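Got a structure for you, questions after.
Labels for the chains are A, B, C and D, by order of writing; each one numbers its residues from 1.
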């Protein structure tokens, strides 16, 4: 494989206010390869790629594009695009209120005739249709982005990059939110692109996928470069070990517990949503003590809305939700928590943590009005400190100092703060865990899954909402699948259950499996 | 008195209201365009009020010293651009909260123009002078025979008429040009725009400068076209009403324009009702209450509409 | 840890530089206007501390500014830009006056709290309008509060012209309040400074304690930094926002009450000329650092009293100092502009280069 | 306010005697002749006294602030050792008390245009027993610290009202419409402004019994834009002669009338030439004469406390000779109107006509 290097990054250093994100790492790309970049949370993968895409200035280092050294003082996103680099970000970079078409042409708009101002949408359509046909990427150009599915957004992002003439395409965790079927479809597209000579960087935490698609694999750890290996020369356990620095076991057997009384009863519930497909309609199920009920489904089919409705963060238009023996539908979050809900929200950066507050505050925020922490409305910093130190110890949150701001924590430890707040508090009956390990590295996934399993053993009912089929399969006793806001099926998690069967349910059942991706 | 209520109403809502209402709306229009342009770049610009003040003073002073209203309007525009450049620096480069910047600019404008009036013209509070040339009025003499047509189409200052093309141009720029598409994207999602290779800060700065120019011209219009004198605090809340109109029109120049006309009309109606013994405080309050009500009602209706749209009980049923 | 400390130190120095810069600017403008800046500064100082009257005027302003700055800091914390304080100042003043002239003579201990409470409640209700619009409908408060200010001011105007008229008074005002409702004057005659200052200090202590020692303060600080998170952990963020806004406006109303019961003894038309904004400035000047608010309030009161003193004694328009104070806010907020290290680096560079050139030559 | 100010635009004050001064000159004599019934005279006199002047508005109002200050400046010219200082109130109400206190701290004699701030003035004066005061347009009797005067505003506005009534009936005059409607605009309903209104209405009814007199109150004396808007509103209701009794905001009234080609009146000083062809005449009030008189008496030790009523008969009030509007309109009927109104004025002086007034404005009741 002695080809020309399209990209070469050498000895890159990048310091953020709180962390050294990249510490002398390197990275290179051969033309027409698919190169995976893996590593734990906060290893610096995204940062490294954002540097390549000209989004961050760097402190030190060199970048060569097609063998030529670039002048880093003038290097920015604009020049990266001109060098044929395109990036699909972990969070989609789309303007939701604008149409797909406008999003695609943004920044490189065709103009009418020789005027430099007037937009020419017809020319744009023509050019885009070329990519749509070539790579069979089905998108609706005139819909607003907020009305399309996650998979479609991904395709829009890819077209956006190609439209800009990208021959190096960076995909940052593109599969985190996709179903197996959608992932397969994406891989087909990537395959065609590779044949067309497009160079692809693929970032993922899912080593199976990495092994399926890559030509070469680079590993980063703690901002440093670890190694680059050919796919054919390595195995999954070996990669995992390189990433974490020790052996990892993810397929720990889930424990079997005697099931008790129902703790959560959801009866014919209707929940509103901004998106048509996410509106919950006529949802009913029961979670018993000592049971993990998994809610599977493609992101955006109403799982988030269901979770929020249970947690008291979204109104319920019809039907009833009962926790223990109390009706909690349309009650305030505070009341629901008092009834025994522990809630790991799906986005720790948004709902899960107050990044500008200390770990202490984050750990006790939900109980601040209660006895030891406050008296007659006056808070006691001392009690808060004492309890938070206990929880930090018990849930192994690193670093240990409770005075740190939540901002500085890595994904895994940040998520542990959330878990500690929720499970550390006494008197809980139900654990509502939404995407508890999304974007968390393998090491931390292991720890968090253990904590969920332990909660079940302690007699809590667990409602696990996850888009990650492996996680659902690893933890759940029973699984319901949501499709377009309804429950499309319920299965028991035993040996007879296959990925394929679940995938079919996630697409609305066997009959209309082929309808829409 | 009661007997001729209908007569009085007829007088109040006569055809001349269109002329008067439009003229009263024009300063609000300029402030509103300032607010609209910056809002599209996701900047809530409460400094329109202050820039109006600066524009009014410097426009007036320039006309005083040069004897030309064109210089006056240009001076208003230039000072508007300068002030908003300074705001842009503070907000974009030094990350000062935009409200703090806006509030400071408003206060600097209020007392700064007072100070300059005192130092340059030796006047306290207000200043009138023959040396100042007012903005030319477009009088269509041939219409004079018909009082209705003359009232509707004649006797506007140049800057009164300028606002119409300005609104249309702003609308076209927003929705039909590359510049507008990029500006709106910057306003809606700066991160996405940045990754699309757009220089977000530069775009926001452009928007600010443009909005400053609008408010600056509006200020000059206030002291040279709408009237021909300078008084301290002469912007009198017009900048804020422009902002409210912007909110009313959801930052769409045309819809916001409708809001401006509404405010202008309500001011005119208020001043026409006053002589018939309705307490002046209620009359003066009317545009503000109307604005707040319209604002509140629009958002509440929007909210209810969204509620209905979001409801799971409608639409695709089993 | 050391690094953080040195950074704090640098920030402090830059802020001090911003202040110094503002005053130098002030002096230069005075010199340009043909006055002696040193004399002007002396007169400014004299205007603040020169006589019992001067110092008393300073205290009069301090009472109002400290109260409003404390009130404002509450909403500033939750990122609510509460320009509505001007309106609550008016309403609070008028409705504090109301019980004091409507009711027969009551003992001090009854009538003063009653009056202030009345002002507080009306102002808080007034604040709730914009508060609800913001918290529940997400209407930009900068727009609504400004508009509501006008409504409040015109409403007060209407009341004193048509309902609570003071018979035979040449200017629209309410009747004078009963003797017992007035705060006792401080021994700073002929100024009007009164013992209302103790209420102002109480308000400040209350706000400080509330913000940092109570669960409500904890909730405010959480909602301020992340409202969605607060909802999730069971804090009713919308209600907290509304309550904070109402509390803040209510305290603004108390400021109005102190003005009426401490200074005028009646509610007069146009009795505040954007006074509430002075309190807002005081809060912004120290970047909402509550511990420094009394200091900045004192400073702003000093510039006000000193400014009019300076105008009396030297003829320099006090508008100048009112121009410089908001400029000061901008400079302080842009403290990075005063990067003295870079400046010294720059100077050193020039110096070194000159030296090298000299050596070469 | 500063002490170095010279009177703004002296051409418009009554001091220079260029225009419309016949009333003022006679007024000077008449005022000199007035005797206040006074208990005792002050002791602090001499050529080096300090005189402070507190205005309720700001300089440049072409009204009482300007004329009073002009009188003091003339005094300064005649007695160079006198120190004079003006305390302006750009912020209105809130500035009054501190200004009066500051002036009292500094001066021996404080002259205050007190029509709106009389009560405050009295309460401050109690705190300064050694200072003497002159209260313009605010009656104070039986107070040894105070000399005071009140102008019979209703009389001067009666004359203007007469002219308005005559003008609005004559559709031959350009800009005059069929309807008999005239208007009065002022800031706030205070005794003085109501006094003006009462006189104006009586005058208009005197010459045109079926006239409708509209009144608008803007709530502010310092906002000409608002005044302009309100005037426009009034014009749209058919008014064609409008009296603006609104201090410095009056330029708004003038501008609106000028743009609509209808008629207005000046007040306090001769403003006939300001908006040529718009202003029928100006009602004159000799503020400069009174301030000069009181200052001079104070210096010479003849100052006496007490109350003086400055009425038409005393010559302190008058109207201009209307030369500007005559020249502009070139109509004989204007001369007739002028003579008619001068006749009415003389009847007033002779006490043959009684104009209704607001008792509160004269300290009665």
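In the analysis below, contacts are C-beta pairs under 8 Å (C-beta built on N, C-alpha and C of every residue); 3 or more make two chains touch, one makes a residue touch a chain.
These numbers were taken from a predicted model, which means no experiment stands behind them.
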>> Applying the document's contact definition, name the chain pair with more C-beta pairs in contact, B-D or A-C.
In response: B-D
>> Between subunit B and subunit D, what distance separates the C-alpha centroids? Give it in angstrom.
In response: 37
> Can you give the whole-Å distance between the Cα centres of subunit A and subunit C?
Replying inline: 46
>> Please tell me the distance, in whole Å, between the geometric centres of subunit A and subunit D computed from their C-alpha atoms.
In response: 78
>> Need the CA-centroid distance for the pair subunit C / subunit D, whole Å please.
In response: 38
>> At least two partner chains per residue is the criterion; list those residues in subunit C.
In response: 157, 161, 317
> Out of subunit A, which residues touch more than one other chain, so two or more?
Replying inline: none
> Residues of subunit B touching 2+ other chains?
Replying inline: 114, 124, 281, 284
> Between which chains does touch occur?
Replying inline: A-B, A-C, B-C, B-D, C-D
> Contact residues on subunit B for subunit C in the complex?
Replying inline: 44, 46, 90, 94, 96-97, 99-105, 107-108, 110-112, 114-115, 118-119, 124, 237, 240-241, 243-244, 247, 279, 281-282, 284-285, 288-289, 291-292, 295-296, 299-300, 303
>> Going by the contact rule set out above, which residues of subunit A touch subunit B in the complex?
In response: 53, 55, 77-78, 81, 87, 89, 91-98, 102-103, 105-109, 111, 116-119, 160, 164, 270-274, 276, 279-282, 317-318, 484-485
>> Using the touch definition from the top, list the residues of subunit C that touch subunit A in their complex.
In response: 213-219, 221-222, 225-226, 228-236
> Can you name the residues of subunit B that touch subunit A in the complex?
Replying inline: 173, 176-179, 181-182, 184-185, 188-189, 191-199, 306-307, 310-313, 315-318
>> Quick check: in the complex, which residue numbers of subunit B touch subunit D?
In response: 8, 11-12, 14, 16-17, 20, 24, 114, 122-128, 155, 222, 226-229, 231-234, 236, 267-268, 270-277, 280-281, 284
